[in-house]
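Here come two complexes built around chain A, the first alongside chain B, the second alongside chain C.
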Partner chain A sequence: MKLRQGTFSFLPDLTDSEIHTQVQYCIDNGWAVSVEYTDDPHPRNTYWEMWGHPMFDNPDAAAVVFEVNECRKQFGDSYIRVIAFDSSHGWESIKLSFIVNRPKDEPGFHVSREEVKGRSIRYSIKSYATDKPEGRRY
Partner chain B sequence: MPDGSDKLTGKARYSAGVLEYKKMGYWEPDYEPKDTDIISLFRITPQDGVDPIEAAAAVAGESSTATWTVVWTDRLTACEKYRAKAYRVDPVPNSTGQYFAYIAYDLDLFEPGSIANLTASIIGNVFGFKPLKALRLEDMRLPIAYIKTYNGPATGIVVERERLNCFGRPLLGATVKPKLGLSGRNYGRVVYEALRGGLDFTKDDENINSQPFMHWRDRFLYCMEAVNRASAATGEVKGTYLNVTAGTMEEMYKRAEFAKDLGSVIIMIDLVIGYTAIQSMANWARDNDMILHLHRAGHSTYTRQRNHGVSFRVIAKWMRLAGVDHIHAGTVVGKLEGDPATTKGFYDVMREEFNPQSLETGIFFDQHWASLNKMMPVASGGIHAGQMHQLIHYLGEDVVLQFGGGTIGHPQGIQAGAEANRVALEAMIFARNAGDNYLQNGPEILARAAKNCTPLKQALDVWKGVTFNYESTDAPDFVVTPTTS
Partner chain C sequence: MTIKKIDLHAELIETGVEQVLIDLDKSLIGLEPVKTRIRETAALLLVEKAREKIGLAHETPTLHMSFSGNPGTGKTTVALRMAELLHRLGYVRKGHLVTVTRDDLVGQYIGHTAPKTKEVLKKAMGGVLFIDEAYYLYRPENERDYGQEAIEILLQVMENNRDDLVVILAGYKNRMNTFFESNPGFRSRIAHHIEFPDYSTPELLDIGSSMLDQLNYHFTKAAKNAFIEYINLRKEQPHFANARSIRNALDRVRLRQANRLFKENNGLVDAEKLSTLEEADIRESRVFSGGIDN
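Up next, the complex of A and B:
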């Protein structure tokens, strides 16, 4: 299973120079870029761990690519994403978010069903990997 | 047009009998609209021999306080304030016999937060008025004081993206086809395949409600099975617009509650349920953290003809007030009506915080939105992966691109169709961000992406050359004149 979150998950994995082009686009738009990682890829896991603060005044995409690689050294078997924040009034949220690192093995998710009244089903989605404690999942 | 006010006052004004509207005070060429006035711009086509200024005054009168004859009871009211005032009449460029009439309405003429009340005044009576051959409401300026009486879209573009965890690209959808006849079980199959293949959303069509071939509860149950399976298979948040349109509010609430209980992120209504029902459903959506999709079913009966009806840009403004999150707004390149400049005007009304006057896109007034949430436009009807560069160029990033036939009609099946669309989209966004001239190089970018994606190659082969080049019936009256510098 390949986790399809993020803007470019249907393309082949991005090279560092490809990551650079996308990050520079964000910087040129005035967005602050940051790096985040997690070993819990649940679609509703909003808060991945922050690899430092968003790089607010950084003019150079190379600095972000450097941080991605630093993060890979420590969390190479986790998911790592790059996200860009736009602080403009009326948006004040994320403008671009894409995965730049994946675990070697992505076991995917399990759907659990609880049958309740009237043929209704309560669904829950669970990552196979998160059965293990944080830090020992991949 | 040069014609001073010849308004009568006092005894001359209120003698029993019939008086021209312009003499009754509905034509005030010196009137300066107040910041709090609602302004309507009508395109009027007077009957032969009818003075355009009198026609404009009549529209002002009939959409505010007037009746066909003088009534003394006017004098019991602050009638000067309540009279709508036509203050400007211009001939329409290149259209003999048509005039743009600007009419200002005092804020006190309207009930706060009621589209029904607004429309009862502005379009309630005047469209059948005999001295006019035709009448079209082209645009409205809504004052901030009035906008602030509405809650606006329940979710808005930004929060929708946060909930779906989807940023930086258009969302992808597909309407389930055939739109009538599938059983619930078969219907859910289409939903699963499309979402599993890479779409974010699938959609009920406007006329899928609860017919003999598929009861609504069955549809909802099978669709949510499909949504959850697809979500688990991709790790993404997925949705399907469950159409809750029904014959009564009670029934719509019942269906919406069921969709909520099943965990759907989005429900859908049709424009034909009416403005009040739309506002009620928007309130329900706000109370239940639900994205509200509006299918503009029926709108072309009154939006399409240039000389009569209501422009869709006005409908879009009303819907932003009423509070829907998604609204169909044209594709430019697809099978349904949509001139590029006019469509841009619609999209701007939905997505911008401020619309400056822009006659070339049909926007006649500066419009502030007072931080009302933005609506996500939906582009649907005859579009396919091979047009991705044009779609992004014309429609931008905050839009749902709905490929119904362009997903389900793929030769290798629905999942392959969905994947082709998603790969085409991501490749084009990547190229745009990387500084490529993607509009010009679109076909090469797609061909390159297709090397890693057989379904995209097949889609490009099947639908290459499919275009719908017909002249639009609804286009702006003003064109950009190149300036020499």
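Up next, the complex of A and C:
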């Protein structure tokens, strides 16, 4: 099951030159771009591991694509995303976030139903991959 | 659809390269061999572009360069123009210049160098990386020096990310030669070796005059002759740094002029007085009495 998180996630995977174009758009808007990776695909897993510092002062997107590829070399079987942080007043948050790398095999999520008071049902989801400990999931 | 004919001259004007070349001619005094090389490079790149459009075999030429010459011969200035030129021609995407020296590339402890060098390289991507006094990267006398590590990363990126950045190495001629001899990898990856000649006295005078023009100063006739004499004397002294020495000399001349104005005019000055540099301002220099100016 393909993970659909962030922008462009319903499109086919972006190529390097497409990533370059998107990142250049972010940089031209003055957003700080950074690369992050994780092996826990849960949608509520907001804070991924940082791959290096956010790139505040690179005027060209080639640097980000370079870092994405470096990250792929080490964590090729994890999720890698590019995020763009807008620091302007009133926003101070992530403006754009998209996945640029995913594991070869994505097992998907298990939906568990728990019957609680008054016969209502509480749902929760859990990735099959996270049964194994961190670093051995994919 | 393939294009059959391309007008190279139209291309030259359209890309704005012509304008950069004209600016270069006008604003840089002397440096004929350098200008010729830049023209040649620009022509080659334009021809490559035309070949690409027509569908002939083409390969992005290696654009890494080395500038060698004495201090103050305009290496940094030309590097800036080069960045703009390559940007106009579409060989670098952004056309900014990142100037670094050994300190910016080489770290202080194990594991510090690689991230530092990579950080600088990333910053320069899409533009031109100018490494001033590049030979300091290589220190043969200390085998544990981290410079070698920086060199290795540089070489790797120069090779693999050729489309992303252009590296220009600069420094004094003979030391650059030694540097290239001990790092053959660099020599073969750099296609253009450009030498910056020293300026002649008339050229230095022209440079001085244009600096003064920009600041709204001018020499009297006698002052001009004194300045020519000054240049000739100064050239023979050690640590002569061409245009940079001229700038420093002019700064000191302005200092003396200011001092003179206070002494002689009871504080009453007009525009003419404020912008005229006289012979006495120059003659006061230590150079005339055998001393050394910086």
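The criterion applied here is as follows: the second predicted complex is superposed on the first by the 138 of 138 C-alpha atoms of A that agree within 3 Å, B and C clash if a C-alpha of one lies under 4 Å from a C-alpha of the other, contacts with A are read in each partner's own complex, and residues count from 1 in each chain.
Keep in mind that, in the parts below, a residue touches a chain if its C-beta (ideal position, glycine included) is under 8 Å from a C-beta of that chain, and two chains touch if they have at least 3 such contacts.
All values reported here derive from a predicted model rather than from experimental measurement.
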Overlay on chain A: chain C relative to chain B, clash or fit: fit
Partner chain(s) touched by A:95 [first = chain B, second = chain C, both, neither]: first
Partner chain(s) touched by A:66 [first = chain B, second = chain C, both, neither]: second
Computed vertex angle (chain A) for partners chain B and chain C, CA, steps of 10°: 100
Comparison of chain B and chain C by chain A residues contacted: B
Partner chain(s) touched by A:104 [first = chain B, second = chain C, both, neither]: neither
Contacts of A:55 with chain B and chain C, given as first, second, both or neither: second
Which superposed partner A:136 touches (first chain B, second chain C, both, neither): neither
Smallest distance from any CA atom of chain C to any CA atom of chain B, in Å, after fitting: 15
Chain A residues contacted in one complex by chain B, in the other by chain C: none
Residue ranges of chain A in contact with chain B within the complex: 1, 3-5, 7-12, 18, 21-22, 25, 41-44, 46, 83-84, 89-98, 108-111, 119-123, 125
Chain A-touching residues of chain B, taken from the complex the two chains share: 158, 161-162, 165, 167-169, 198, 217, 221, 224-225, 228-229, 231-237, 261-263, 353, 371, 374, 419, 422-423, 426-427, 429-430, 433-435, 449, 452-453
Chain C residues touching chain A - in the complex, by the definition given at the top: 93-94, 96, 115, 121-123, 125-127, 161, 164-165
Residues of chain A defined as touching chain C within the complex: 52, 55, 57-63, 66-67
